[in-house]
């Protein structure tokens, strides 16, 4: 059985490093720190200044690489990628980074996001003679770069990005250059760090870009700032330059990064994810208080909001559900039906906490409702007198077209059911969601990263707009809804 | 690098089931629920009434077994084992269950604990012509059974157990019988569950024995009771019988099960592990309060005691350290030294929680001190103004000879340093341990399992004595300290 | 140590089948029968009429595929490939068949041969915006097809082939069509077979194309004929059509197929490989007789020519060297030097055959001379009085640019040494090669396949010209010698 | 499908080396040279003088060991084993060498042969308290050694061997001693070699024992002599001593070693296996000549006898069947029936050799007849006018109880069919077997190893008796026929 829980899933994490003698090793560690953003495949491309070296494999970072493979990735700079993907597209050929030879040399790319006009562009490219070996948007982008009439790679990439629409945080790498780009709306996160030359055996500062600053923490690097929406950062032998990509657009950072995707120890757009989650819980407590004996989270994502909710209402916080550390993605299921089986592999109740109690359960979101229903029953079976579910975000009613794996609208329970109906379905005594307005206010009010954040970023903090399309249906970037769910390659296999 | 953290380690978990058509599948699930007790190897033996079927492999339960291997384990009863072991003894030949042919048929055994006179017995057996293929105590026991002059297997096992000393929870299985035994002191836990016949497709009730009741929860079985110290439970075609093993001894349940080994959602000897840990934290707060802004646990084991400590002193509880879900036992380390590298792979601080704060950190124990030192520094580097370490058990000064993997006395920092010296070594502003008396009182006072617990067990609850030799040096069972640390086989390899 | 013996190596074998319900299974068997043409990777693409299904993997056919992978390759037609490659190009991304999506649908290709203007074409394609993911010529060809302005796939392929030069036997496959093409010179072999509908559970005849007819034998198909040089055979729902590709060129079948590459039970261009080899031996006996006591082959390739040589001179034939069946491509070597180590792993002398004898050793060719030297010494160490080496082909002095893996000219001992010098180097009492003229006459005179061969093929048999560039330096097709040996991708890895 | 051909199978090969700094590496090579004697599992035990080091694994020698595993086998002496086994007993726990700890230290053993009273001894040992973990005879032997009341290991082994009956070539090893033993009848071969100290970096001569001298050839050692039947050779720090085991028995070397088991480049009991096989063919020609156009062998075992047969009758010898090098033990079979499928994977006819010809086919034996039947049909399908099968040994009518894997009597076609009936079954125009007397004379008359063989061995050569029970039913050693075919362990699995 597949144990992927009932959540939206981030599709990728990216990591790049320039100017360090152990580039591949640090990319390996950086990707490990981004592992929560994608567990299906991992890959690293390095350059020794002459050639690119690639290794990609299925599985977690620590399974995809061993010492001997890392040793075959020489050079002082690297880009890497972790990928989550839905069953259909799960194959090594879709693993990233994607790397090719073309007229100007070799080019590698990795990508977090989704190009909303990729199908159109692909059809157009095929019509003019391009061939495709994967379903990846990255292959479309590389074709656009290879076919651009511009002379320099920089201009070609600008040219290619001028043709694509969508949400993306991209890394490009050639034999002698690393480039990081964030789409004009800044939907997906991307941030810059530095590893001072004084702290490692290389002479120069090493620059690092990553989806989240947790990747900096692990390798001892310092957070510098978030990339601006529409910023294109070029790092090569001449140092680092920042360019602006096309016209300025209103910023629309994905607000779900705060709700669930990012690690709680991350800082997204200058704000502590942990603090945002706590604030979401506090505001939810104000919007939807309920008398109860204990507040428990659905671990691990619900912990900070449960702490916030509990402290706001002065109700004791307890870890009433214990999460197993040992569950992989698949598990052999007995033939005989066992109650709440899938959920039990991950979660088990602490009955002394729950027996006879009025219990408030904090979770970040409800997707299909099936998992929530099992959790409520499990808590009730453990003896709870009342079970009140509180969700630290609004109802998720709309699919994401910007790089997040979501079910179709039809499968999202909130798209066709009222809150009361959902409460009845999950058999909770009460159910309440945080309001959209409350969520945005909680994010805005949350504690920001201190002094180290540069002025430009802190400015963004105050004026930041968010993409909340999955809650509101207000999509900031035009898209073509896919005909039959997922884009399909006609070619199947490895 | 090896990431095994700086803890004592339980060496094993055992699981047995009698009378279920999916015995191997349920053993697989039950072992998964005991995975925290041993991650190095896993094995299951089943019986179809005629023959025993064995599969053992290195790795986690979900890696050691796949569907096809489970299908090669037919029959209605099974015993299984998960094993942790130190580097030296890490080999398939030491994996359990151990199974042989002997005069009365086939016999399989699995074992949590340690026989303190195994070396003596082994020497004696060798002198009279026995051969040994592993370093396992189980092989000694099987030899004693095979050489016993008694007629029935039951009598032979009693005879054999009459010769061994030590701490053990044992399962035996033959072609048509399952037996569970707990040593007279009841050092290691073992409990009985039932899966009512009405709830599965078999006609009869299935009986289950396991190290912890978490194994019952996952498969939907009900907890019946703990085995009594010195109890020998025989389950066969005639139903279940309970015998008493030799003379009665004072009970000495390992108190460290509450402190760290058992899962927080377990009930050991009738008490909720979670509640005990919370009570340890509350009592520690009373014994060693300190003014501070925030209480944080070292996750996951420190969470309940931190909640208890925080609530006792009305200081906010926060998850100031975030634990990664993706760390296996080994990891490739960069050549360049990275601050707190090993700890960072598992833990990362949330700096908004810690910056400028007086922080109390709750952990369950300090073994060598190296990890604590890194944690304190990491918290301080994240901006904490003060760091106060609180340990929810007394200083661990003595090795365990009853089945727990502990360093030698020399490596235990508390055996040769005062609390102040340790505080200085780990660079904490203050350090305090719970007193031995406090620990025992906290355990005794903790909330017990409700109604379902049978009278006999609840009686035990009030009169229970504990083994706390690792804290006090008061060893309840005689032992011979091994000459050079670990017992060594002269034979190395697979 | 790498045990690849000191031979030229064929680079590939191809197999295609159209119209059989077990297409993937038969492709698997057919590739096994072509395994001697390439041992590094294997791949199969099938079509179910709607989609292509691909599986490629490193290793022998029987290792690259298991039952479950074959079951994921549905459909009634298939193409497959086995590949040998030199260390540098050894990677899954170079494994064939190569398959892509393009404007007209999906297209798969596999290829035995070498395009001599691939570098030029690749540079040209890159200049106009193409990207490359492998070093394979096939990728160049697919780009040419995808970029062709012709409407039908047939015309596009003709168009693309009109631009390439070189030696090739190609298979193309789309969702509903299979195409087989042999270059105008007919350098590499390719033949057609049939599996009559009456003999399998499908209603219709199944057509098969393969590098050698041994692939037909294994699956019970019948040999129909060799493809003509420059023939393009199209098999689809409308049956089979044959077209001629561009202008007619003089036929130049690779004569080395007879000398070494093909299996002795094969028929190449209508002639039995075994009979040709025997005739080479007989003619060599006439050109270079020597008085001796015994004729022995270097097994297995030297067996038929040794039989021919021995019978021509009425000297006893014996298997004086025994070949091991159990040697893979790599082997762990002891540190201490052992005489003739690498050769001994494969060959061991029968000393009663050799002791005190004048021995004639038959081999098919000498490449670097190092192996021959070890063989001569091994025979002499076994007690031979004289060792006379006879080679059943002329000295190999020139590299192949038509799809065979040969060392550079510099490494070919015969390119810079006289026969006497080589004899001295390999320490033989005498050494003689077959003359070029003698080789061609032996081939022409050898027994041809009987009745089943169609008129067109038998005509070819009499007028057939051969490529013998590796012996003569007369290259029938223009080529650009690669700058630095092998064409290199700038991109390294998987 | 399982491709094990229709032959008797040797069950094991053994190799031991004493006194070489690269003992494990040389054992690895030596076992490779004995690979034809067992392909299912391989194992090596070394000693560094203090401890034994073991590695055993399933598969061929080159798959069972890699560099890192060999490096974990330190020390200057080693014993190793390759094992063939029938499906039922195929498990790592039965792999050898078998190694244990016992009263005198560690002891490893490996074994080629079969103890005919093992079941009795096992029952007796179990009755007195022994436990068994495998079905191996070796475990019985080790128990007898461990339980012997003698003081020295030497005496204990003599004592133990005094109790066993059967055919065995055994190696024992302790921390500081290597011992080689051949049973009193000398049924299974075992020979002694030397690697002079001057030829390797160790100071002293290294002694080697192996099933066949091919193992010496590969590592550059010299053949010294065969062990005498009933000889016990002890090599330790004091040099080499030879003892005689119990009473002298009539020598009965397995004659089938010459017919099929041994490699043709081997010398068994002083005679060249190749020369014996040629002599078998020559004598068969005299006993059963037939007019024909060509003599072909079933490769590879039939080659020398076919050469002998052909030269005796002056009929041309040809390789009319080509054997594939690439067939492992299992292969995926298509659902549709393909004529002669299993045989075709291994053998393919050369039709120009066979078409219209009267063909004599030489094979070493017929077991069930199924393979011979397919071969005859395949040759006839290739166009042969007549097919005459000649077998270079008498009809195999009796199972072997001395260490060879044979079918039950019932499955041996010759036990219940006349030669004419078999001829009809296999559809041959004629069939003839060599007579028992002819076989023995051919062996006795065959060319012996020259000068290097010591007097004692050459004496044996003239007086040697053979075991030919499988042909004659004259079993030289008493045995208990197993109740139900194979001895079964009650315990199944790993």
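Chains: A, B, C and D, in written order; residue numbering restarts at 1 for each.
Definition applied: a contact is a pair of C-beta atoms (placed from the backbone, for glycine too) under 8 Å apart; a residue touches a chain by one contact, two chains touch by 3 or more.
Worth saying up front: this structure is predicted, and the values here are computed from it rather than measured.
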Chain whose average C-alpha position is farthest from chain B's own: C
Distance between chain centroids, defined by C-alpha means - chain A, chain D (Å): 62
Separation of chain C from chain D, taking each centre as the mean of its C-alpha atoms, in whole Å: 36
Interface hub residues of chain D, defined as touching at least two other chains: none
Pairs of chains found to touch, sorted by chain label: A-B, A-C, B-D, C-D
Chain C to chain A touching residues, read off their complex: 45, 51-57, 72-73, 99-103, 105-107, 126-133, 142-143, 146-148, 175, 489-494
Sites on chain D touched by chain C in the complex: 21-22, 25-26, 28-29, 32-33, 35-36, 39, 60-62, 65-67, 70, 200-201, 214, 217-220, 263-265, 272, 274-275, 300, 303-304, 307, 311, 316-319, 322, 324-328, 330-332, 334-336, 338-339, 344-345, 348-353, 355, 447, 449-450
